[in-house]
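Look for subunit A in each of the two complexes below; its partner is subunit B in the first and subunit C in the second.
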Partner chain A sequence: MRDRAEVLGPAKENGLWTFRRFDGLDLLRGFQNSRLPVKALFLEPLRPLFEWKQQGDSPELYSFPPAGDERLIFGIRSCDARALRILGPVFARDHQDALYLKNLSRTLLLGEACRVQCEGSFCGEMGIDPQDSGDCDIFFREIAEEYVAKVLTERGEALIGEGDFFGEATEEQWRSARGEIRGSGKKPLFELETVRVRAAERFSEGELWQRVSAKCINCGVCTYLCPTCYCFDLCDLQTPNRAVRFRRWDSCAFSDFTGMAVHNPREEKWRRYRQRVSHKFNFFFQNFQAIACVGCGRCVAHCPVNLDLREVLLEVAG
Partner chain B sequence: MNDELIILASQLFDEGRIEHFLAYRKGTVKFKTTPLIARTKKDLQGLWMDDFCASNLTLYLKEIKGRVGIVVKGCDSRSLVSLLKEGQVKREDLYVVGLPCPGQIDLRKVQSALACEREDLEEINRRGPQILIRVNGQEKALQKSQAFLDKCLACQYPKPLFFDHLLPGEYVSPLEEAKFPGDELRKKSVLGKWTFWAEQFERCIRCYACRNICPACFCPRCVVEENLPQWVSPLPTRGDNFVFHMMRMMHVAGTCVSCGECQRVCPMEIPLMKLNEKMTDDLRELFGFMAGVDLNVPLPFRTFSQEDPNDFIK
Partner chain C sequence: MISPVAERGIYQPDLMEVTKVIAETWDTKTLHIQFKDPALRKSFSFLSGQFAEYSVFGEGEATFCISSSPTRMDHLEVSVKRVGRVTSALHQLNAGDMIGFRGPYGNHFPLDMLQGRNLLFIGGGIGLAPLRSLIQNVLDHRSEYREIMIIYGARSPQDLCFKYDLEAWSRDPSVKMITTVDVEDKDWKGKVGLVPSVMEEAAPSPAGAAAIACGPPIMIRYTLKSLEKIGFAPSQVWTTLEMKMKCGLGKCGRCNIGPLYVCKDGPVFSFEEIRSFISDEF
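Take a look at the complex of A and B:
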């Protein structure tokens, strides 16, 4: 693939897992999920959209077209792969977002089964199987010296037909490659349907949201590390004869997120925290018939004050 | 210790001395406690303190006004001194409870020393000078210097600088002799430093966790959010990130007490304390000033002096 596509895989840099250009030969084992979700490679934290330049008397416009090069990302976890699918309709249904959609169509997604339960994760509760996925092109399970792969798409089929790397495996081999997941096995924390219904019912209980958000510090960690948060802002960088318009991530946790000229409907942090939970577990479902959370646990593990979404959902469901 | 504190805080509520009590409760992830913000006696039920009370609770004094009871470690009490100096809190509104601290574990250091992930860590126990750690079923031992936060190795104020009540326990620094970890970066050329920080700031996502967790960052409206004029662009580019962090550091010069929370919570693991430590050293060398230790010493950047050696200010 490297001859014709950019190949990205897990790498540890500066103490955190990320996706980097893969130039090696041996596939890495025992990697943990990336700190920033794989979403960051589809909806980039910063993306130039168009540029305006003064050339002589007339202004000229240039756009930054979507990258067209084929790309392969391996080592994707089921949760992050599902998140890309959940975000699909956001960028395709009412408005075609060429950038996100092109990033999806140009990328081969190679998933890999988890062997360790991530700190803070609750993928099981969110209906994600960390050892299986229908959201990738090919999904791998690691066995002793090899991998057993399940091919899920035509593109995946074409890829494995190319080289001499793959042999036939039986259904039984695939099944037995399902290994144990270290650190899991606890009983589910909550029932998702109850959470969804109760989040809607309890929207107007200001006291509840004030209580659960009391220690929130209004930073963007939970939203920026989230594989399904997709809010963005448009910003211009201007000089007298040139300006570039960028898209950058934005976060509903920030105090000026919905600030307008005369009014901010979410002045208090409990309203912003309620927005985050309600968007994921209520509004998004109303709009797209899916819950915008995959239980990856990043927001739990990395919240500066350990404001645990799982606890909040339990409280909301109660 | 926990029971004693619950009784004490309940009394304070009963007597009407406090409207809020800030302490800790059990965290939901390994080796962490989480802030407890009690508004009533009933909220005290979950109160829990152990050897992992790393958070500096004084951060909530930005938001929670009025009469507050608060649990502080020695280092956290320096933030209180700074906040008092800056007029952000009043001494008579505070009921300060001192918490003995055995030194806080730096999970990132532990992971790097043992080449493991956070998920692999099963147990961490302090045993004399050693930190015993169970990793994937195997027992390992680290020295304090390999496992503690840098600020704990340099701890000079294990006992709160002022308090109304001290919880029982030993108020001693984790190391007998404070050890200031040297910073190899200082020896590098300007270009070397630039290369280092360019790489670090490249991955800043501008989540502002560093700013929001900081007890010294108490401006109701941060310069970052100003757009008339726009002092710093909100775009997470290397250059703008650099401007943001330098500006923040200069802004807290004199009030930053090196509590290290900015670095501890950075999700992108940017070693922000390297900047703050340099600033602290400069303040010591240029102004003979150390933040958060003496209520009566004026803040260097808020003070006019006739003897100022720089004539541009006269």
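Take a look at the complex of A and C:
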């Protein structure tokens, strides 16, 4: 496979899990999920759009087109695979963003079932099955020394059909490969539909949002680590040799995200926090009929002030 | 890696040449611009109320409405108040300089719903820019509309934009033009007072009328209240909103008011549509 397409998989870099070009040596032991969501390989943190060169009186623009090379990413978790699908319509509707869409279409997604509940995660509450996925091309469950795979797309079929590496598995083998998830709670923390309805109903309750956002320090970590956050900025970088416009990740946690010269509709912290929660659980649903959260738990696990989205959602639902 | 312009994405602008620069006030300029590509000059079209993203390469991109009318397509006009990095760079430009242009984006004023009605235009400061596109548009098809009243206010006589238009509209017998300033100077002949109160005093009849307002958020909030007070229903009032934008295409995530994106669901909204959000998020 590696001679035909780029193969990427989980690897530890500087002590953190990431997805990178698979070198055949990376050990996957202990991998639960990457620190940055796999989204970063689809909506890149910093993506050059075009550059310009002065030609006489006028600049000439040269674009950096979408990458076309096929690639394969393995080790993707159900939550992150779902997130890639959730973001699809944002970039497909109306004006098509070929950069994201092409990244999706050129990538074979190989998912793998979780065996350990991630810190802070609430995938179950978000309707994600960590041991199954309809959002990948092939989804694997590991059993002792072996994998049982479910092939979900024609592309996945084509990949499996190529070698004699794979044997036919029975439905029973697939079912029994579903094991326990270590550390998972028995009882759901909240009911998603209630959260969704209440988040909309309680949008105007300033006091609620002030209370739940009180300890937020607007660092933006939750947005950068989020597999469904997609807000971006367009910015220029000009050096004596190079002049490029980039698309780069941005964050609704920052006050200059919406700050204009004389007015900022989200000047106060609680308005920005309200925006983040409302966007995910209310506005995004109104616009795209999906909730823009997959319960991966990164925002919970890595918040420097332990602001726990699960607790916030419980409070909003109350 | 580098490809010709044909493969460019949705965030890449076209080039436009600045053909003329007009100093409107001490901090506001109007640029006349024209596509570098002659084919685009012919094929480009837009509607009053739409906006675009304007680039000064190396400084970045900023959002402004097209302040000229689609009935006058010799060139496009954009009016820019100097408030930050990109606007300052735009103010540095001279005739012959090149800028980037992406657009037109967003929705437009509902001309079909304005036809046959009395029209009340209410503008504040640089907020006259989008209204001016519509006013010129309407005046170029004058017979399709009934009475026209324009109320325009600025902080001081020095802050009045489009003075050449204000004079022309004052001379036009088919237009009732009221100009007001917050703080007068010794030569000022117009009204003194805030736009909402001047409007209440003029008390245009809401019967068969439509009001279109644009100005700073504080003016919009009070103007909407005053319009209700003199009998305008929310469905008779349109406004065009300003929010910070980057992509202009409903993707970059910052210009929403509730579930609505000002860039693609707006910038023109009827008061009815945004009523529940306006006091809270704008």
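General remarks:
Following the convention adopted for this analysis, the second predicted complex is superposed on the first by the 304 of 318 C-alpha atoms of A that agree within 3 Å, B and C clash if a C-alpha of one lies under 4 Å from a C-alpha of the other, contacts with A are read in each partner's own complex, and residues count from 1 in each chain.
Criterion: a residue touches a chain if its C-beta (ideal position, glycine included) is under 8 Å from a C-beta of that chain, and two chains touch if they have at least 3 such contacts.
Everything quoted here is computed from the prediction, not taken from an experiment.
Once subunit A is used to superpose the two complexes, subunit B occupies space next to subunit C without a clash. By the touch criterion stated above, A:Arg20 is placed in contact with neither subunit B nor subunit C. When the shared chain is aligned, no partner comes close enough to touch A:Arg155: not subunit B, not subunit C.
Once chain A of one complex is fitted onto chain A of the other, the partner contacts of A:Pro65 are limited to subunit C, with no touch recorded for subunit B. For the combined arrangement built by superposing the two complexes, subunit A sits at the apex of an angle of 90 degrees to subunit B and subunit C, based on C-alpha centres and given in steps of 10. In the superposition on chain A, A:Ile217 makes contact with subunit B only, not with subunit C. When both complexes are overlaid on chain A, the residue A:Arg106 reaches neither subunit B nor subunit C.
Applying the stated contact rule after C-alpha superposition, one finds that A:Cys235 touches each of subunit B and subunit C. In the superposition on chain A, contact of A:Cys252 is made with subunit C only, not with subunit B.
With both structures placed on the common chain, the touch criterion links A:Arg85 to neither subunit B nor subunit C.
The superposed three-chain arrangement places the nearest Cα atoms of subunit B and subunit C 6 Å from each other.
Common to the subunit B and subunit C interfaces on subunit A are residues 233, 235.
Those residues of subunit C that touch subunit A in the complex are listed here as 1-5, 7-13, 15, 17, 36, 55, 57-61, 81, 83-84, 87, 96, 98, 100, 216-217, 242-244, 246-247, 249-259, 264, 280-282. Listing the residues of subunit A that touch subunit B in their complex gives 14-16, 32, 35-36, 45-46, 116-120, 182-183, 214-215, 217-221, 223-225, 233, 235, 237, 246, 248-249, 251, 254-256, 300-302, 304-308, 310-311. Contact residues of subunit A toward subunit C in the complex are 49-52, 57-59, 61-66, 90-91, 93-99, 203-204, 230-236, 238, 243, 245, 247, 250, 252, 257-263, 265-266, 271, 275, 278-279, 282-283, 286-287.
Chain contact summary for the complex, subunit B toward subunit A: residues 27-30, 32-35, 37, 55, 59-60, 108, 111-112, 117-120, 200, 203, 205-209, 211-213, 225, 233-237, 261, 264-265, 267-269.
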